């Protein structure tokens, strides 16, 4: 679909053009401005959603993608960004997260439309602020809107927290008696499920589809997804993360995004960039552990917050700009200087 | 008091001029640079404070307004902002919130003076930062300073958390057995009390006084206050908020501010702006539910944080600025590119 | 070591030059770009660490300082900032905090290297962002990285939270039956331990060494350290802080840093600046009480977050810049205006 034929068709036909925008929106969840990758991502979501027995996840993804993109159209955003799918990926993730964590009923679809629309506004705001330092919004709009709705569910009788862990005070995890898992199956499943959890789906086949989808758009992205998920798993094992979380891919999805973002999206691949990205991946594993603990009293999931936090730090760091020295400020200050 | 006579008097007499500044400071809580509106707001506070049996609230409002404005004068802030009352409204709200949530004793008045003074410094800092994107500080300085003092009360033996809910882990609210309230009284009381809670007062008469006060300055603002409070109430009912909270106006005050801010203060009224503002109002209702849950482990109220969060998002969103694309950054980066 | 001889030696010999950079990095914890002060700080840490029976603290300080500075060198940061030690102080503090709060084992040294390296990247990011308003990063990179690692420890079986308080819901402290302490020893110990706690060490002798070290670099800084610690203690006593916390210097270290930062580092000493700084010191005491409460559900210490929060507010406040008025925004906004 990145062939000239599709491009021509999308240009000449308005409906196909909007479908192109939506597919690119799906692709942007993993930074791919690429309609075929987006289509394959959607297929992977559909498959995982069907296997997981919660088709509302696939429906929510489609609805969220559409609602957030339509909101952007209504708000007359800049055309270039709209066409590259930047106004779709946050809404898509909102549409996946809500049926994953809340009970599915009629009100949920209203929530998805509302949340996805507001995710577009949040995206515009965050992008506008971060533009000052050439920083991208990443999936923060999704995290913000979804946290608000999931937390709010506890206070609203007609929205039911479905599969969220109840709020609790953190305790130190007890070491598991079983030996560190070393089977090839553990590693393969863990790595692929880590990729699929980018879309909140715990399914190695979906993970494989996503890696292949990435490869149609960028071999670097596919490689870094696997490398990020693998390195994260090694790090999680080394410091004693819970086996169930690792097998479920919960230590992998944020590092996967960090690896693709730092390793080949916002920086150009090179040996130095690879080292830098892997440091980012390791930092993301600790951010994951940390945020898992921090959200416990609130009973909500971390979503992709660990990725956002670490990738912002690693992207906003710029060595060619001297920081403000520990020295008297040159500026005139309101009568206290 | 917006007649030429008062304006002339305020200009020629220094004491009257400072009173004009203070009254405008009161007016700015609801975005009105208007001394008569400010005076009527103060009367509404005084009435609600007397009826509620806690006159310290009215005293705190006056003291906070004065202390924060005097601090601004001492810090030689820009005259235009000072004269329009921008350095008064956060202090006024600090002065209302402390006697509302803490036990009233001699130390409390010291706290009000300290907190209001620091709210001026916080306002200058937040305004300075947000100016970069033409964003206003809103009531964030009030929220920040008050949260610090209310939280701190738990660690300091000589400050007593008076009417704050004890810290607790969130649980999902149980559906209420009573039918959804449909009486005219429920709606009228809820809407007007929602307005009065902008000043932390749960009193429909105060709400009515505030709406009339708004109308002396701006009919749009008065209309949007009622519309915001009403739409918020409908939304809260639709998703099963607790009846007591709705009747107490606790789902209304932040949406009221969102509606006035988006609908006629920072944007010019129009059908599109009205739809945009109402989306903001609905988002504020969910932000209210969400923050109500998020603050539970800390035992402090949300104050106007839901309004600040949503209004910032909706004001900072700008469509004419393209976000940073998911693409290699053009900049030279510290040896990793 | 600030004599011309050392400066010459540091310039001509590469190894000595790097040692000079490291010592300045130690000095920058208290804003001193001064190798001798840095050396004396390290001696004070070594002494307190030996007396406290946890030599890993001194080792961690050295390792963290080295790792963060080497990371900066690898990232080719700007030379002037590197040479003034700005890339060392956060790593040094990470290296002190981890052995203080976590159990010391082989993995801990890996964590220190990782955390210190990432603290350099966090410093670059935060400094880059705050540069927009001439704001310094302060110790926020240290706080952020350390919070992430300490929180993460609860989720990772192979990292043991050593001396951290278990997560708990806040309750109002009960007034102590003992009279307010008035002995000279209470005040002297409290003030000096407040200074030593800047380096997470509760030892009045270390505090004295630090004050003397400051004096070799700046008599103002030494004076303000004592003044800040003293004023904070008076304020803490006045509002009923817990005696044990006060004696342990836990109400002093953040105010000490606030006093030095505002009083003589970023502003030029003057009577007005002194008043402004002391208001900052008092605000920091309440921020300390507040954050002590806010971190309770998470079971981590506040570190220097109270200092960072208040000093940012007091530095970013600028009176000569008018804030955005409560008025229609001039900008063209995405089709809603």
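In this document, chain identifiers A, B and C correspond to the written order of the chains, with residue numbering beginning at 1 in each.
The rule is short, and it goes like this: a contact is a pair of C-beta atoms (placed from the backbone, for glycine too) under 8 Å apart; a residue touches a chain by one contact, two chains touch by 3 or more.
The shown structure was predicted, so the numbers you read here are calculated from the model rather than taken from an experiment.
**Q** As a multiple of 5 degrees, what angle does the CA superposition of chain B onto its copy chain C give?
**A** With C-alpha atoms aligned, the rotation comes to 120 degrees.
**Q** In terms of residue numbering, is the interface formed by chain A and chain C classified as same (over half shared) or different (under half shared)?
**A** Counting which numbers both chains contribute, under half are shared, so the two copies meet through different residues.
**Q** Where the centres are mean C-alpha positions, what is the separation of chain A from chain C, in Å?
**A** 33
**Q** Please set out, as single numbers or ranges, the residues of chain B touching at least two other chains.
**A** 75-77, 124, 132, 169, 297, 315, 317-320, 334-336
**Q** Quick check on the complex: what are the chain A residues that touch chain C?
**A** Listed in rising order, the residues of chain A that touch chain C are 74-77, 124, 132-133, 169-176, 238-242, 279, 282-283, 286-294, 297, 312-337.
**Q** Using the touch definition up top, name the residues of chain A that touch chain B in the complex.
**A** 28, 31, 33, 75-78, 80-81, 84, 86, 107, 114, 117-118, 121-132, 134-137, 147-149, 151-161, 166-169, 265-268, 270, 272-273, 276, 297-299, 315, 317-320, 334-336
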